[in-house]
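The following pair of complexes shares a single chain, subunit A, combined with subunit B in the former and subunit C in the latter.
And then the complex of A and B:
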């Protein structure tokens, strides 16, 4: 009973932060504001889902385990591909298909580098990150490429049941990936491959295929996030690489929201929303924006420290 | 010496205009309605450059001087942060929003939402259709003066390196278009293709390395000038020219960042000219426009122009004095 309470400590911290903002910040709980936070969290959230898949499939060791540092650069490239193709007048379905294909292709290259060439994921994806950033520069010439499409209008301005379209993208992606990663035989095996690779192999699983598939999922997530980003910025914009640290932070923070303290899709969703609520709450409280990054870092440290203390309590 | 006489007269005229502007502002300061009880959101694209910092501080100071409360927002030159802060500002329901800079295609849909939510929207250097008033330097005159000085210094012929990474930022586009327009009459003065891309962040270092690399490709005498729409790339380019001993190439830019003015004052400086803006006066003017609008004066012009000053080695001390640096 006590242990269960402790394990849910980070959810408690999350709720406490929400309650704090709700009491102190005017309009924090208004429907419009909550909807805003959900849609603002879509880009980082979907990217972090991709990273979560890779961490689950490759193991959570930061150096030797699964990692995809090319996610943000992949988003930048996919957004540039979408904007350029859309601007030359290609049919929307073809533009979207090619954008998704671009993301998955990057995932394939990363996966093959890790599985076939046996490069450490940290280095393999660091290298591909630079290649992708270069390709994005070739496509955009380091400028903002604005574009207009009914899909982007729908994503940025559309709403269903009072929930904005980007929030739906976040929630639906989270739902589908939760089913796939947390509740399907494939997901169970992916967890096994990541956490106990030797046991998984002894049980007859082809580990390489599962690791490769996690990078494909990651690439797909980058492409979906790129569509959200194109809607957010009305095209492709520079500086997508800046998102990388937030994505890693979210996927890492997500660990404390799972019962077993491992990476999970719902945990990552919680973490993405927590970061979104923090940024939003600080702005509503009129905390000078200069403080936001610092306070955000301290809160992340507190949550992680609290959760690791709790986990030590659980496993003496 | 008709040319230097002309320059002298122009300097006197500009100085007089600038002083008159400041006198008028000082006179008008007392007549500006109060902002007591009003919350004004100061939404900055970034506060890392001289222009931003000065414009930002002036807005905050003027809001406080008029009795209002500033809500300060800084996107740190990150478009995601900027869009997020513009979305959230709708929830904050301030009495007015002043947006400083930003790529128009990125921010315009979100400025529209602020405007649709009934929050009076004002801008600085961002001529959005949803803005009630945009306070800005006269960028047409600025771009024209800079281009004319470049053409004059180059003697109407030669090759120019151009940094054109931010055409999406309206003020940069206007200045670039003025350069192209002025060059039409001088077919012997060509822009080297491809144009260079200035970047944010690491603008100075990036411009330095791009120019350093190109200097090897273009020997002495093959480049006349380097142009950029603002003066942070100009700073990097000028440093590269000094380090390479190629100060025969002159650089041109806009803003009047103190480091660039300092370089301009050196002997054998590569800085040909820089158009100094008055960001503090721009920020203050924007806030005063907000105060007037909130007091019921809804007949504001679409644009408020603040004077700029073409600065060369000849008039540098006067400009620094006039601007109060």
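And then the complex of A and C:
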């Protein structure tokens, strides 16, 4: 009952928002504006994909389950690493590889802390978030490090089939991760490990490996998002940590867009776009962007409250 | 050559000897039962077979091949599958995904959901004549259907040996019958089956042979065809009631606690009981009998669907433990460490915790009154503690339990619910706890004791109620019953009707 209401209600809300903005803001449904929303959602969306992987592998319990609070800080560090290395004059492929490696390494540390040291993900990633923010400060001395690269130009200005490059990044990442998480045996097992660890163990799975791998994916997503962010801002900027709340909101909001009410990549994509449309619509209507934060906070409260009500009711 | 042969298995956990040379032999193509009381070593034996524990001594032979140690993967590869008591299936999975995860059907690098779905429907229809709508989720199935899924999941691996570990605990009668039919059919198809259950009725109807485990040793192998369930129950218990139950003579007064037709869906049905002033009523039942839930309901932790509870003639609406306490009901829970005491607080603080109102004046605690009362309780209960300010976590299990009981003594309740009061307590402390329970009734309280220690119940109670699958299956006067009868009743070896006929009338 509650489940059906949540599923239908969430899609209804999504549509109502679209229709509402379409009526109120004439430009809202123009092709240019839609492309704009997709591009602007890329950074948050890709980060939220990473968090989604971790939530699937660690379980959706907000306190004890999988969680990666270091994602936004990881993005900040990766963007700084990219900008510094690029400014030093390293080859582009090497710069990109090292940036990706940096993101994955952070994921590895998080994963090991959770799997080997058995720290609660909430605390482990909270700690690494602070370490990463510190490292970023060391690299950037708390200033904007601008940089210039053909890759960034392509990402920020390029387009194919009329769709901007950042939107492609969002869609292609979503497509690849959907294949991996929703359709491969690995993904199915990751779901089992997160939802019912004892069952996964009884099925002969090595749970620790799956949990660890989800943090590696999360780190990789942070690095990809860092490239998008560097393209968007032409270098690394300060204050990337502010994105954390939005990322968490999107990943948990995504739960209500799946039939089974579990975290999923397509669900997260929907949620990222929903938030993107909200921000965009408010801008078109000249509503202060401060309101968006308030709306996000309310969404998190609603989703977390609803999902914990569900877990109290349904599970055997 | 037997399909499965465990020989002289020993296993020690710290100070306790869990298995003391237990053997078990399952012949090919038979259903072999394994029975024993709680703590007899059944689960340790199964965990050794599953490769979860390693035996200290002894060996496991599967299909004539001997192994000193086994890993879970090895066991799987050897064709041994386990059907556990819990349904180990993720709730958000479809039936197809739940059947195949870990060994998915693939198309290229991806899971072939459509084929899994088709195969699942085919297998379930073939084996069990069951049909699910396409895309049904595990969360939408009832526990019997999940059990069937679990069995099918094991069968997909084409096992030679199937181990059922308490498979019927969460099932109702009709579902159990279906389960037993399935077990028989699997045997007829040539599988060797090890069937572990508390329920002797099931053992009786499905097993070709039964191994009885007691104190970590196999004490008998019998054929249920030629052996009565009561005889099997006697082999399981075989204990003498020691002279350790001090019994105070107390004249019974008016009924304090009256329960009428109390029901809670899938837990218990139509429970009628009353406990009179000065009476100790014992309550027992196997896991899943509903006895635990009944106690929780009487303390307001769970809410019954229908029926009524009267205390001293007054109808109670129990919605929370707070209301139960206010009405004069006390509970000493089994989970001593997490629920009964506050381990880091001192003996004094624990003892006065439940009745702080009596020790405070104008909202502040009166240290002096607390000290006096605590000293009195420590003395009376013979609590062995370094002093009233020692943390309770430093005390032995028995003394912790005395504190948990003493907590309620400091405020006089009308009805005491005791949940396994002597679990994990040494013999000496047990006697003192029994004496304490006796004192509660001498002072005019009514006591309901839930225990799975049958000699204990027989020793301390006036009457004993036995629950079986959510219903009161028998009522005994303590002086006129023995452990065998109680166990036979609790395991369903004796049909409820027969016991009811023998039931002793009382005013």
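As a working rule, the second predicted complex is superposed on the first by the 280 of 316 C-alpha atoms of A that agree within 3 Å, B and C clash if a C-alpha of one lies under 4 Å from a C-alpha of the other, contacts with A are read in each partner's own complex, and residues count from 1 in each chain.
Keep in mind that, in the parts below, a contact is a pair of C-beta atoms (placed from the backbone, for glycine too) under 8 Å apart; a residue touches a chain by one contact, two chains touch by 3 or more.
Owing to the predicted nature of the structure, the values given are computational and were not obtained by experimental measurement.
In this overlay on subunit A, subunit B fits alongside subunit C without clashing. Ranked by how many residues of subunit A each touches, subunit B and subunit C are led by B. In the superposition on chain A, contact is made by A:40 with subunit B only, not with subunit C.
Using the contact criterion defined above for the overlaid structures, shared-chain residue A:173 touches neither subunit B nor subunit C, since it reaches no partner. Taking the Cα centre of subunit A as vertex, the centres of subunit B and subunit C in the superposed model span 130°, given to the nearest 10.
By the document's definition of touching, of the two partners only subunit C reaches A:188; subunit B does not. Of the two partner chains placed by superposition, A:125 touches none, neither subunit B nor subunit C.
Using the contact criterion defined above for the overlaid structures, shared-chain residue A:86 touches neither subunit B nor subunit C, since it reaches no partner.
In the superposed model, A:233 makes contact with subunit B only, not with subunit C. After overlaying the two complexes on the shared chain, residue contacts for A:32 are found with subunit B alone; subunit C is out of touch. Superposition on chain A places subunit B within reach of subunit C only down to 37 Å, the least C-alpha distance between them. Common to the subunit B and subunit C contact sets on subunit A is no residue at all. Touching subunit A in their complex are the following residues of subunit B: 71-80, 83-85, 87-93, 103, 105-106, 108-109, 165-168, 194, 197, 199-200. Those residues of subunit A lying in contact with subunit C across their complex are 179, 183-185, 187-189, 191-192, 195-196, 198-200, 202-205, 260-262, 314-316.
Residue ranges of subunit C in contact with subunit A, taken from their complex: 72-73, 76, 82, 84, 86-93, 97, 101-104, 106, 109-111, 113, 137, 139, 143, 146.
Within the complex formed with subunit B, the subunit A residues making contact are 26-28, 30, 32-33, 36, 40, 43, 141-144, 146, 156-157, 229, 232-235, 237-239, 242-243, 279-280, 283-284, 286, 288-290.
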